[in-house]
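In what follows, subunit A forms one complex with subunit B and a second complex with subunit C.
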Partner chain A sequence: MQPFLDAISLGGTYALAALGLGLVFGVMRLVNFAHAELITISAYVIVVTNDLPLIVSFGIAALTAALLAILTELTIYRRLRGTGPAIMLIASFGLSVGLQKSFELIFGALPRSAAVAPWMTGSSEIAGLNITVSSIVTVGLTVAILLAMGFLVEQTNLGLQLRAAATDFKTSRLLGVRSNRLIGSAFAISGILAAFVGFILVVENPQVDPMFGLNITILALVGIVIGGISSLRGAALGGFIVGFILSILNTFLGNARVYAYSYLFLAVVIILLVRPGGLLSKGNEMERV
Partner chain B sequence: MAILDVRDLKSGYGKVDVLFGISFTLEAGESLGIVGPNGAGKSTLLKTIAGEITTKSGEVNLQGASITGNKPEDIVRLGLSLVPEGRQIFSGLTVTENLMLGLTGRRDKSSAKAAVEQVKSLFPVLNTHADYQAGMLSGGQQQQLAIARALVADPKVLLLDEPSLGLAPTVIADVFSKLREITASGTSVVIVEQRAHLVTAFANKTLILRAGKIQASLTPESAKDEEGLRRAYFGANS
Partner chain C sequence: MNQKLLGLTRFKSEELLGPLATVILLSIGVGAISASLQLAVQFALCNMVMVLALQIFVGNSGVLSFGHGAFAMAGAWISGMSTASERVKGNALALQDLWEPLVGFKLNLYVSIIAGALVGALIAAITGAFLMRLNGLAAGIATFALLGFSYNFFFNNITFGPGSQALPAVPKFSGIYEPLALALLVIVIVYFFNISPTARSLRSSREDLLAAPALGVSIQRVRWIAFTISGALAGISGAMYVHVAGTWQVQDYYLVFTFITLAMLVIGGSASLWGAVVGTLVVTAVGQILLLWEQGKSVLGIQFDLPNGARSLIIAGSLVGILLWRFAGLTGGREFKIPKLTSSKSSRG
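Showing the complex of A and B:
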């Protein structure tokens, strides 16, 4: 039961990371490598403000990540709109490295740590099974966020515009969708999602260094490719699949867990051979804003 | 005062110039056709007026106010909508969701529901297929959805880029019949087509565009001179 719950928990966390990336990709066709640093800054803020009540600490982290996301859009990505995809990609990679170095200057190269939500590190007995509190909270939190995101994307006007823009940004603008506002909203939401991911990760591993968010971001990108890069549902599904598979492999491979990534990427190759555009592909991945 | 006034408009893609000084006016409730061979700049003209392509020089005035250089999302709010070539409906969204998106560019939101009902009565198929995914509709139905989606924004001027593309002759006749109803209700229409006869029979006047310049302006009567039409369309040596 615990390994299965852990797999759902990790899958949900990866789904949140993938959803944040997918939102920005949807409106800008930008693979935002700097999403990793939004996760990292959230984790740093949570550690640094650990003395404050958790909800306040998380609120500051979410606000910081959202503002940083909007700032990167305003100062860098907005100016590069209309340039080639390669330029946008390199810019996001450069921004990612630049932010990592900035974190190193501000917080130091060594990990910063704090006991974040220590009450979550214990375990609880449910139906005769010993289950860690953190996995229960993480599963509950990710399910709640994914449901909230599902409501936002499927039931609200902003969500309708995000879905339309993810399909065809030019036509969306012709219909009146305000590009700057929509892109800004997507970046802000991706920042808030990154803060949730940062919180979940920092509870599990309270050692925050400048590259804290990098690993999950790269694997979430893999998840997006699996799920279908042009679909928000696909991004979340792909992220979940990657996290779930990775957790199960780590649990059941025993000493051979060093090969977990090899098996994961083998699964990715097989999925892409069968569905080159991803599981929920809509076939317009190459179009740009 | 003309509802749409285009003066000496020049535009293109990057360093490539496509339009070389286009001028015309359109009155309220009037229909204007634009025909010409491939590469004449017809779609570029509509995209430039709608703000999708940057104007290099010249001016576009809508109801007396300049919209030159405005963003497409602002232009639609000022009362000019474009139905793009190939319809560009959102095939993964339902018919209703497509219409809801069309309302984004509508200024008066209080009458939005009535506007949707109005286009559904103009295009009954959208009512019966409201919950269908738009991609499930036939080509003609998709074209009706694309026009309806533009209409719910309450445009004073409706631009249509090749609405007959890929449609069967009977469906084309139906689409043009609906366009006549739209112009009769007071909406001005600019329609780009490769099929000259469709447009000259529909529009109050038709411009022939070739190599980014207006070659001739035809009334429905003068368009009946097929030889003259062919010469203007293909050039003097054809």
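Showing the complex of A and C:
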């Protein structure tokens, strides 16, 4: 039971990271590598403000990540809009490295750590099964956020605009979607999602270094492509699948678990060859360049 | 795109001789200053070959590839493994589980570089047969998966290599001339590929994915050819790197290497050979100058006290800055041209 719960909780965490990336990709075709640093800065803030009540500490972290996301949009991505995905991707990589180095100058190269939410590290017995508290909280939290995001995207006006922009940005603008405000909101929400991811990760592993968010971001990126980049649902599903597979492989491969990534990447290539548009795509659509 | 289709169409001697002369003069001139700069020039030439390899595929096809690090990794592996001394391979602690036939496997240094090219081309040909069906971001992520797979394999496998450790005692180039000759050779190869009909078809697919096949271009085929050739060149780049560093380590060919070379290409201007050369030179030069400042030395009489760690921050910042300033790269994707004194037209991109 515990391995499955772990897999679901890791899958959920990856789904949140993928959702943050997918939101921004949907509105401006940007593969935002610097999403990793939004996760990292949240984790740093949570560790540094660990003396404050958790909810306050998390609130500051979410605010910081959202502001940083909006700042990167205003200063860099806005001015690169329309230059093409490759150039924006390289720029976001440069930004990502730049932010990592800034964190190194501010917080030092060595990991910062603090016991965040120590009550979550214990385990409890539910229905005769011994289950860690953190995995229950993580699963509960991700389900709640995914439901909230589902409501936001499916039921609200902002969500309608996000979906419209993700489907066809130009037409959505013609129909009155205010692009700057929408893209700004997408960045802000992705920052808040990154803060949730940062919180979940920092509870599991309280050693925060400048590269803290990199691994999950790269894998979530892989996830949104195999899920289907054209829809947020696909992005979240893809992220979940990657996290879930990775966790299961780690549990069941035994000594061969060091090759978990090899199997994962192999699976990714096969999925992409069978369904180039991702699992949730409708047929074999070709993206116009 | 409403601008002129970028890329070479027919042979113009200045477009080939310009980059060749620039690379020769700078390499020999800068290399003569000091021993540490000579080593820096050698590393820069390895990077340049990698950037040229990326230019052939990424520049011409418009499809991003993160997978070239895997070809360089494999090319470097075969070249390093076949030239490292047998005594070391038989006794080094990191290599005690090495597969027996590899211990006695021995090639001449130059032959080992050809082997690197062949291995790079072979892997690119096999994987390209599948991957070239993909477009856009899916293609980018699939090539990234290739890189991740290779890294994970070599990092953990101790039957075929040192795993996460370093393979020691790989013979080094005797000086600057061997890597320089290889880099010049690669420039010539890339130039002649870029004026070939295959490259022209590939560029047409970069500009319009629907019109090109309508005009009879098999996108998958031309991409596969370019991918294979660029795999060979990436293999050469890795093989050169291993003989400059004198050691093989899988980490050297992973994320930092992949992204710094892609950044060099985009900064210089991915659509042209000259862009690849300029991008490599500019990024290397900026890095070197900052390194000297970080060490408290002066460059051309100018000295800054740079705090430790600020170097990478400034490089990353200038990368983003250049893209904001000129998103088509410093050359705007144009080839080398001798500046005309009488020309009054500005050629901003």
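Definition applied: the second predicted complex is superposed on the first by the 281 of 289 C-alpha atoms of A that agree within 3 Å, B and C clash if a C-alpha of one lies under 4 Å from a C-alpha of the other, contacts with A are read in each partner's own complex, and residues count from 1 in each chain.
Quick note on the criterion: contacts are C-beta pairs under 8 Å (C-beta built on N, C-alpha and C of every residue); 3 or more make two chains touch, one makes a residue touch a chain.
This structure is a prediction, so every number in the text was calculated from the model and none was measured.
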Joint occupancy of subunit A by subunit B and subunit C, clash or fit: fit
Which of subunit B and subunit C A:225 touches, first, second, both or neither: second
Touched partner set for A:140, first subunit B, second subunit C, both or neither: neither
First (subunit B), second (subunit C), both or neither touched by A:118: neither
First (subunit B), second (subunit C), both or neither touched by A:3: neither
Partner chain(s) touched by A:157 [first = subunit B, second = subunit C, both, neither]: first
Superposition-derived angle with apex at the Cα centre of subunit A and sides reaching subunit B and subunit C, degrees in steps of 10: 90
Partner chain in contact with A:168 - subunit B first, subunit C second, else both or neither: first
Of subunit C and subunit B, partner touching more subunit A residues: C
Distance in angstrom between the closest Cα atoms of subunit C and subunit B, superposition on A: 6
Residues of subunit A at both interfaces, subunit B in one complex, subunit C in the other: none
For the subunit C and subunit A complex, residues of the former touching the latter: 58, 62, 64, 130-131, 133-138, 140-142, 144-146, 148-149, 152-153, 156, 206, 209-210, 259, 262-263, 266, 270, 307, 309-310, 312-313, 315-317, 319-320, 323-324, 327
Partner subunit B, residues of subunit A touching it in the complex: 157, 160-161, 163-164, 167-168, 170-179, 282
Subunit B - residues contacting subunit A, complex: 50, 52, 71-73, 76-77, 81-82, 84, 88, 90-93, 97, 100-102, 104-106, 149-150, 153
Residues of subunit A defined as touching subunit C within the complex: 31, 76, 79-80, 83, 85-87, 89-91, 93-95, 97-98, 101-102, 104-105, 109, 218, 221-222, 225-226, 229, 258-259, 261-262, 265-266, 268-269, 272-273, 276-278, 286-289
